[in-house]
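Each of the two complexes below includes subunit A, the first together with subunit B, the second together with subunit C.
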Partner chain A sequence: MNNSEKLRQTFASALSVDLDKVVDELAYNTIDEWDSTAHMILISELENDFDVMLETDEIIDLSSVAKAKEILQKYNVTF
Partner chain B sequence: MLEKTLTSADLPVDNPMQAYQAQFENIMAASAFSLGKAEKAKKLNNLLNTLYKHHFESSDAFRKIAYSLGFKADRHCTNLDEHIYVAVRLFKLFELSSIQKEDTFKVLSSSGTTSQTPARIILDKQTSARQSKVLVNIMQSVIGKQRLPMLVIDSEAVARGKGGFSARTAGIQGLSFFGRKHVYALNDDMSPNWQRISEFFEVNQGTPVLLFGFTFMIWQYLVCEAKSAAYQFQSKDAVIIHSGGWKKLESQKVDNLSFKKACDEVIKGSKVHNFYGMAEQVGSVFIECEYGHLHAPNMADIIVRNPDDLSVCKHGEKGLIQVISTLPTSYPGYSILTEDLGRIHGEDDCLCGRKGKYFEVLGRLPKAEVRGCSDTHA
Partner chain C sequence: MTMFFTQINKFGKQNAVFDGSEWLSYQALDDLVKEKKTYLVKRLGHEKQVVALTASNTLLTLVNYLALLQLKQTIFFIESKALLTEQNNESVSLCERFKIRYLLNDEALDSLPKALVHPSEKPVEIDTNIALLMGTSGSTGAAKYVMLSYENLQHNAQDICAYLPIQASDKTITTLPFSYAYGLSIINTHLLKGAAIVMTTFSVMQREFWEMLSVHQVSSFGGVPYTYEMLLRLRFTQKELPSLRYFTQAGGKLARSHLDSLVSYAEQHNKQFFVMYGQTEATARMSFANLEKLLSKPTSIGCAIPNTHFKLIDEKKDLISHTNQEGELVFYGENVMLGYAQTVKDMINVEPLPFLETGDLAICDDQGDYYISGRIKRIIKLFGERFNLDDVQQKAILFFTDQNLACVGDDKHLYILIESNAPSKELIAQCDQQRKALAKYLKLNHRSLKVCFMQNLLRTKNGKLDYSSLLNEVMGH
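Now for the complex of A and B:
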């Protein structure tokens, strides 16, 4: 499984949404499932699955799937 | 249209929201406690003039309030203390909004004790996002950028907002950004879960940790319970952040100093920071520094007024607190007269090095009804 697929799976499981809903454009607060409560679950699952530790600024910035990729790349996760 | 008649040469553009964006980004560019008196006053004053224009145009209720206080459409202030202020009570009596209904993203309710009407604060996505950003900006000054293992002194149910989106839920979720591997110290019935708490301190031995809870919750359900059950925990470096007010602790004669002392008896090696903030102005909080003073960040301010004639008090004089926050665009709450009493100690010269006014809160105006945002747990 490549990192893109892994990322989509993490999103799908953290937000409890179907895998096909997880596209680059999917953004925070545009679906009911991705609210502030789910966001913290998402962050902790991203940290577990990719073995990274995000900073507070990055959590606030992580507002879409595309943005998540951008941030994870800073931690040498390649997509 | 109103907008046409309001054109003023003093304002950079006709569209107040556009002007606001630029001015707000400008004030956010500096680190949270870096602006000195003159520079801050200028930036804040511009922002408040823009916010006045925006809310005047967008909120019928605000326009009525403004007219009733003798403020006209083209009101333009040159000093911070000349700006309009809205009594905090009005947020309970009316649903004050500056946005279209369909743009409502979240409605925050505060002080929902059964006997009282809770305030309803209307948030759109932009204001809500701004609140998170500013909170991060301010809190990093005492917590740092790294997210620490976090013990929340509340139940998971409240943190998740299962009983509705209360000020307590908002506070916990807002502060959760600063932590990781969150552990909830209380069971759903508010009894402490000693096993979870002990594990938290064991697992994180030797690393800095973060604790957050409402003042009353920490006191009642952690400190007092731990004392009576003779529990004590060790930490290398525990930052305890708390808020919500002292009202409920007054009868027990608990003040800031005794609170800190008691925290340190239960959690050895703790550093306690209170913060003062209103549900009506989430985000721009006033955080307590290492010297025990509450500090106004760049994007917010406080003015203390004489309770009798509402004239501006000198530094050192006790009076009613007016809070200013440049964040809210979805509701007209950028300048609010609270029912809290306080005293400004100084400006720009606190020993901690932070710029801006520093002050203390001295309780409620006696006649004001009992209120505190953590009072949703009655």
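Now for the complex of A and C:
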């Protein structure tokens, strides 16, 4: 599984949504499932799955799937 | 008695609310409320009834709330318009039970769809004291609602202001749902003091929240344990936040490590910190512990708020007068609810309750400080929402048909334990679907709802489910 797939899996499972809903444009608060509670779960799952430790600003800025890729790339995760 | 919600224009030009784009003075807020009242009276008339109100942290909700309070209509909060539809069996039943005919949704007062409105045989005379019907858990389908009076709201707001350092020059920011007892108490106390409220639907997990906090020089906020879990995750304790004077926590017990972090943050940054204990049944707050107390007694809930008091009673309901002896915590104060209502019939000629049996077990030390030691009712809190495990178990039986099951939980998870010797693959898959459906119904992230299979559900000698052993067993898995 490549990182893109892995990232989509993490989102689908943390937000409890179908995999095909996880597209780059998917953003915080645009679906009921992605609220602040789910965001917390998402952050810890991302940190686990990609073995990173996110900064405060990154947690707040991680407001879409595309943004997540951008942030994870800083930690040398390639997509 | 003068009420905080009738005298708002007395604060004149002082800032009342920031609505996302500009500040409104108390006078401007009062004008909006007057206008809204005129509109509402034309439609609702003067007959007291239960009116559904969509609640979010917006100026519109605040105006609607104040208008309905002033008109002495009973408010029934709902989170979103979508919850009151003909397709939703629970909302059909809810509207029938409370004879709800109108939904006040932001700008407009909507008549509810015909299918939801049941022609009432006889109009019911709702007790004039009932201001609010409050749910005690997240689900709209709750069996019973807490009835709060205008005096309950006023007294609790006054008593809270007697220990929290709320000043007219303060600005707070919304972090909790408007319709949640604790969130509402923050609104009410600030209106009472003529202080300012930044209304925002952004959460602490969003950049906009932090921008507002800094731009408006917010001086206080509150949070449930889950809010602080998020704040600590965001390393809030490393922030300076120069305008923040004090912060409060209620809505459940903080993990000890989180409490310690917050206490040391408050101490190092010269901020005040209050941990408070309360229930919707007591309007909002019952006790508080300030920073000084938290330093010496971190596990205490402190003492009763001004003008109220606690007692402890034993199983025979006799008063416990010894210190350090466990008993049920009983609360006396003008903020004790009027009672529970299951239907509008329970809302006729209501007498205030003399005291509140909290359902919590506690001890009192020799200095009069209280410590919660357990619960009589099986209630847990997840993400700030209260779950009655017996209720969840009853609901779970509907989802997991043909299964013997038990429901237990702790601060992190709710567990459905299913009696099965060797669950087949099919059964496991089926239960996982049912688990997700139940989580959706409970509005709980499905990660927090777990299903475990157990060969035998442990029972006590008299055949009842042994919940504490079951929880221990599932934690040991």
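By definition in this document, the second predicted complex is superposed on the first by the 79 of 79 C-alpha atoms of A that agree within 3 Å, B and C clash if a C-alpha of one lies under 4 Å from a C-alpha of the other, contacts with A are read in each partner's own complex, and residues count from 1 in each chain.
Throughout what follows, contacts are C-beta pairs under 8 Å (C-beta built on N, C-alpha and C of every residue); 3 or more make two chains touch, one makes a residue touch a chain.
Owing to the predicted nature of the structure, the values given are computational and were not obtained by experimental measurement.
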Room on subunit A for both subunit B and subunit C (clash or fit): clash
Which of subunit B and subunit C A:59 touches, first, second, both or neither: both
Partner chain(s) touched by A:36 [first = subunit B, second = subunit C, both, neither]: both
Which superposed partner A:47 touches (first subunit B, second subunit C, both, neither): first
Partner chain(s) touched by A:17 [first = subunit B, second = subunit C, both, neither]: neither
Subunit C-contacting residues of subunit A that also contact subunit B: 29, 36-37, 40, 43, 56, 59-60
Sites on subunit A touched by subunit C in the complex: 14, 16, 28-29, 35-41, 43, 56, 59-61, 63
Residue ranges of subunit B touching subunit A (in the complex, touch as defined): 105, 125, 132-133, 136, 139-140, 145-147, 159-161, 173, 176-178, 180-182
In the complex with subunit B, residue positions of subunit A that touch it: 29, 36-37, 40, 43-44, 47, 53-57, 59-60
Parts of subunit C lying in touch with subunit A, wherever the complex brings them together: 203-207, 210, 226, 229-230, 233-235, 238, 383, 436, 439, 445-447
